[in-house]
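One chain, chain A, links the two complexes that follow: it is found with chain B in the first and with chain C in the second.
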Partner chain A sequence: MSLGFLLQLVFTGLTMGSIYALVAIGYNLIYATTGIINFSQGELVMMGGMVGLAAVTALGLPPHLAILVSLAVVSVLALAVYRIAWQPLSRRQSGGSRLGWILSTIGIGIVIQNVAMLLWGKEFHPLPALVPDGNLRLGELVINSVQAFVLLAAILLAVLTELLLNYTFLGKAFKATSFNAEAAAYMGINTPAMVGFSFALAGALAALAGFLVSPLTFASSVLGLIVGLKGFGAAVLGGLGSNRGAMVGGLILGVMEIISGTFITAGFRDITAFLLIILVLVMRPQGLLGQPVTEKA
Partner chain B sequence: MDRKPFRLGGLAALLALAGAAAVPLLTDNPYYLQKVQMAGILVIAVQGLNLMAGYAGQVSLGHAGLFAVGAYTAAKLALSLGWGFVGDFAGAVVMTMLVGLLLGVPALRVRHHYLAVVTIGFGIMVEKLANEGGSFTGGFAGLTGIPGVILFGRELDAVGTYYVILALAAGLTWGIANMARSRVGRAFLALREGEVAAESLGISEYRYKLLAFVLGSLGAGMAGALYAHVFRYVSPESFTFGVSVEMLVMLLVGGMGTVAGPVLGVGLIQALPELIAGLDAFRLIIYGGILLLAVIFLPGGLVSLLPRRWREPSEPMPDKGELERLEEQAVELLRRAPGPADVPALEVQGLTKYFGGIKALDGVSLRVEDGTIHALIGPNGSGKTTCLHAISGIYRPSGGAVFLRGQEITGRKAYQLAGLGLARTFQRSQIFPRLTVLENVLVGQHSWRRTDLLQAALGLPGARREEREAREFALGLLSLVGLADRANQEAGSLPHGLQRLLEIARALAARPAVLLLDEPAAGLSEPEGEELERLLRRIKELGITILLIEHDMRLVMGISDTVTVLDSGQVICSGAPEAVQSDPRVLSAYLGDAAAD
Partner chain C sequence: MRKAIAAVMLAILVLGATACGRPSGEGSDGLKTVKVGLIGARSGASAALGQYLDAAVAAFRHMNETGGLGGYRFEVELRDDETNPTKAAELTRELIYKEQVVAIIGPTNTSNAVVMVPIVTEARVPLIVPVATGTQIVENSFAEAKGDPSWVFSVTVTDDVQAERMARYAKEHGLTRPAILHDDTAYGNDGAQQLTKALAAVGITPVAVISHNMSSPDLTPFVLKAREAGADSLMLWSLGHDQAQAAKARAKLGWDVPLIGCTSLQTSNFRSLAGPAAEGGLSIWPKGHVRINPNSNAVPPRIQQAYDIYFKYYGGDAKTIPLDTWGSGAFVYDAAMIVAQAVAAVGPDREKIRDYIETQPLTNLASRDEIRFSREKHTVYTADDLTMVIVQDGKLVELDD
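The block that comes next holds the complex of A and B.
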């Protein structure tokens, strides 16, 4: 097997991995303000693709307008998740068991997925890309323009999110809320609004991830669960809560699964991905980049 | 006193069973028969999930994966080895339990949403493996031609098969009902309510979590084996993530951690499509919606709508005279003969504990004489609680040694110490909030009671007798601390001061030689504090040694035989209360150097 082929695989893996990284950052954002995992995140990504598809096919919009429609609709949907699955329980539950939220976000995820299935069926639909399809040859390596665009756009989005969180007042308020919500509230930060903001931002990233990836994987109402789990895997690999970790985790996961999918059989791609996630959770729950936590009883 | 409290629930269970058994008499429509067969199979699977998620708190979102292991194992055995139904069934159950054990290993390391992801990942991996297994699993099309249920050389018809399913479902439910009010069932509940506290009472988190997974797999394996033989066909689409969610929805809607929950939940969810025609397209939307609504509005499930008397058999309260007798009995069980005079009850030598570069304990040595009250005091952050944690196995000491009645216990696990005679309470009260006051004290007896899983599940006479004795001892202890009239109340609803007393009663239930108390008086009102002081004196009279951390100086100086002062992780002074009170080093530690001048 040639080096070129291997490079080709790595490139494809990085492309998918960058999408997982965006999904992972979505998990991190909500985790930062609430301490919970939004198990409907994958369905939001799926909706990013499907709403975009509907905008292109039903409304006849060009892709660059369709992506805006998708962004708006999914962000609002994420706010609905906040309102329905998070808020009613946040009044009753305090810390301790997060079971309620695990189940409520799974519940709303199932509703979203099945409504989508009812509206659009289970079929896979191609979605036009934002850039024209073309190949650039670099020796043995073939760089596909759509893949390259996805990779670059995903990295750019991740960087922009980091800039937003680290260099704006909004980002500082967000970080204060995630660090200590009570103290942040005393400082006059509207913490419930910050939680809502984290859902909306996670929704926006999910919409973009779903839209960007759809020209490559096609859009389908059944894709949310797997994408969501792999995004979570990426977040865990990198260390839950660390956005830079999420980027690294996503890329590793993307490359790992494409390589195992190629050398074993395509069907084993998901199996390897989940095996990796479970192994990391068991051996290094704090993730590859995270610091080990000393628990205090 | 033994069976009376459960009469109403038992009657309801018998009626339900009779109703279920009557179904084939009411209809011979094959569609309905198939429906009730499936309902029975689901009850078995969901009871397994109930053990894991409801009792032990290990919520699995991959139960369909275990269900699949059972179904595929039974199918493969039937198609290749031809062991017959009983052999396939047993083989499938054993195989599923082994896989469940394997799945339980990660569960020892991860919690909450991490556990959710591990189990989801497991379920999806099983489904994918079934899809990708080629001719071995039949791939997407699955395996067909599985023989039906054959018992004693005769193939059973649909009705006969249904009765086999019903008998197994009823048997499993009965076993869980028995287990739920035994030492073993309460160990699961305690683990769910608080792992640290459960371990301090002798419950090994490691053992009981794995056991929960194995038992949950028992249900899944039974259900899977039945499924394969009853429907004679297995394929990956019967074991998707959606099925795992469906099972969890049934459990949640019925009531997690209750005996009747799975039955009610399966009944409702199975009946739902029948009640509203033309619903099939919306089925999963409705499941998702029910899950959401149940979590928000009905966290206790349908069971919580039943009259209280039905679902929570309460302990009949003995009259005053009887209670006094039980208290005397309990006191006699607690009483300890003094040990050899030269062996201290607890000895700590040069104990150190580092957190990163911080020395929380820096060579602490203590000698707690048998039968005395020994107080450990010191300013905030001086290392008192760390010291107690290092003695009681919650922290692993970085160095030094601990001896309990002459036996070295350094570095022993927390759950091993209760059995050796060391019990403790916590600075922030760690009662089991959703168990009753009585149940809390019953859990406290875990380390020295002997009923095992099998005896408990089968309700054997030995297990029943021990349970009766355990309840009497618990009531006696509650009477001792003045909580007997609240025995049936949920512990979480007790006011703070009474929770602290309950925690002491629970620790005493372990029949300790040495009792460690971490700030028992914190947050108590003055009369409550006086009550506590009386109780501590009473405990001392029984020959139980007490090591106490406390900030209330009046209490400390009033009851302690010896006081040791810690500052910055080191012992600065130790002696009789009067001597310690006037020691300049102590004044300086508490008030700064100026005070000592």
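The block that comes next holds the complex of A and C.
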């Protein structure tokens, strides 16, 4: 086995892993302000690709404008998820079941997927990339421009999200809401708006992830489930709530699934990835970079 | 005693219902109606294949609008199996027992055909397979029949025949170290097995036989594995989407070796998904069929005529399949004409339809002047009937080799 072969596998794994990382950050943003997992996140990623496709094919827009359309539409869609699947339930949290959000977010995900299937069918569609397709040879490693762009753009987006949350007033208001919503509200922060903001930001990241990855995987209404699951896996692996953890988790997951799928069998690609997550959770329940949570009796 | 008589009467009724199609009602135009089942993947991973079924719908509509055939009008029951074998089995039973069809045309996937074979054999309903190419479809039908006549006929180019032609090309062009990349469905596994066998017959051993999941988001690692094994060519056995992923992976790696795919390489979604990476892709197809021959720059009149009928009903919209990729459409059209010809000759009796198809020359087809099956032979094509096809400037062209 040559070094070039291994490097090529790692590079490919990092590319897909960076997309899982973006999806994982989306989960984290919503988890931070609401304490819930938005199980429709994968479908928002799928919509990122499909809306982008519609903008390119139906509106005739170039990819760099189509991505903006996708960004706007999916962010609004994520706000709709907030209004429909979370807000009504959050008002009833003190009353009935506290687990209603599981069904409501899965349910709205199914609705989004079915609407997408009605609009675009279940076929795969080519989506043009934001950069021209070309190869750069570095020794034994071949760097494809589209893959490299996806990897760099995903890392950049993750860094920008961290900067937004840590170094802007909006980010600080968001963090205050996630830390203690009641105290934040007393300090004059519009906490419901911050929760809505977390959904919209998660939607924007999903749109970008979907648009970035579709030239590699092809755009399809059936893409959401698997990307959503892998993104969730990355979030859990890295530590739910930690964006740095999400990035690390996504990249590890991407590389692991490629390595196992190549050296064991194709069928092991998903199995090994999820076995790894289980293993990490058994040995370190808070994930790789998550903080341990202790609850007072 | 009464219970026994009732049971016997019930059995007679059930047998009567399954032996014949739905009793033909005579319409005001004097034509009797028979139902024909059509099944295939209209959605799901191989939705592109399911669109070929429109050719049969068009053929039956055209016959109905031009006075029927042999005093019969054809009512089509079209079902979408969603590329799902479980669904295919369920819909096959629905077509047979609820809709009482006289024959079934389909499916479009080998995995689905494999589960349908025992069902049609048990119910004694003729199945004409125009798109799914698995060798085991017809083979299994003979095994299921246990010495009785098989109920399954294939009118497409089966995997063993495709493999033989692909292996012959490899031998003729000195490709002695091919790698086989296939999906892990019944279709992909059978294709890889047939290809390995055909390569062995010409003295070639593949350097790697690599399996991958169907509808993979990225085949780069698998193509890399083939390159790492020192392959001098890449032979693909999967659906158009995965072949496109393999072509893109090969381009991404800058690995310039011949790409030789089974017939799925010619589906329209392969070229639309792979884009420039599809260029130079090789495949196999019957000579003088729908592919443009660079010398004559035309297709045979029977193909053109059948395509015109398809175009009359399905032309002019975004889903219309262009003539050069309508090859499986022509096979579907053939299947419709075979069923219609048999019904016109012997009526709606399933057993008589099967016997007619097996013993009589079948004509008025798109693909060939005539098809003749026999008790032992329920397939049409041999490797000598095939030629190589290449993707050139985004079009499929017969390779004059």
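To be clear about the criterion, the second predicted complex is superposed on the first by the 287 of 297 C-alpha atoms of A that agree within 3 Å, B and C clash if a C-alpha of one lies under 4 Å from a C-alpha of the other, contacts with A are read in each partner's own complex, and residues count from 1 in each chain.
Following the convention adopted for this analysis, a contact is a pair of C-beta atoms (placed from the backbone, for glycine too) under 8 Å apart; a residue touches a chain by one contact, two chains touch by 3 or more.
Computed from a predicted structure; not experimentally measured.
Is it chain B or chain C that touches the larger share of residues in chain A?
Between chain B and chain C, B touches the greater number of residues in chain A.
Which partner does A:I258 reach: the first (chain B), the second (chain C), both, or neither?
Touch partner of A:I258: chain C, not chain B.
Once chain A of both complexes is superposed, is A:I84 in touch with chain B (first), chain C (second), both, or neither?
After superposing on A, A:I84 lies in contact with chain B but is clear of chain C.
Between chain B and chain C, whom does A:G267 touch in the aligned arrangement: first, second, both, or neither?
both
So, A:L281: does it touch chain B (first), chain C (second), both, or neither?
In the superposition, A:L281 touches chain B alone.
Does the superposition put A:L229 against chain B (first), chain C (second), both, or neither?
Only chain B; A:L229 stays clear of chain C.
Considering only the touch criterion stated at the top, classify A:S104 as touching first (chain B), second (chain C), both, or neither.
In the superposed model, A:S104 contacts chain B only, not chain C.
Shared contact residues on chain A for chain B and chain C?
117, 226, 265, 267
What residues of chain B sit close enough to touch chain A in their complex?
Touch residues, chain B against chain A: 57, 59, 61, 105-106, 109-110, 112-114, 116-118, 120-122, 124-125, 128-129, 131-132, 196, 241-242, 245, 248, 252, 281-282, 284-285, 287-292, 295-296, 299, 355-356, 389, 394-395.
Can you check the complex and tell me which residues of chain A touch chain B?
Touch residues, chain A against chain B: 36-37, 39, 84-85, 88-89, 97-100, 102-104, 106-111, 113-115, 117-118, 225-226, 229, 232-233, 236, 265, 267-268, 270-271, 274-275, 277-278, 281-282, 285, 294, 297.
Using the touch definition from the top, list the residues of chain C that touch chain A in their complex.
43-45, 47-48, 82, 184, 211-213, 215-218, 220-222, 224-225, 227-228, 241, 244-245, 251-254, 269, 272-273, 275-276
Help me check something: in the complex, which residues belonging to chain A touch chain C?
Contacts found on chain A: 1-2, 5, 8-9, 12, 16, 117, 121-126, 133, 135, 137, 142, 144, 146-147, 213, 216-218, 222-223, 226, 258, 261-262, 265-267, 269.
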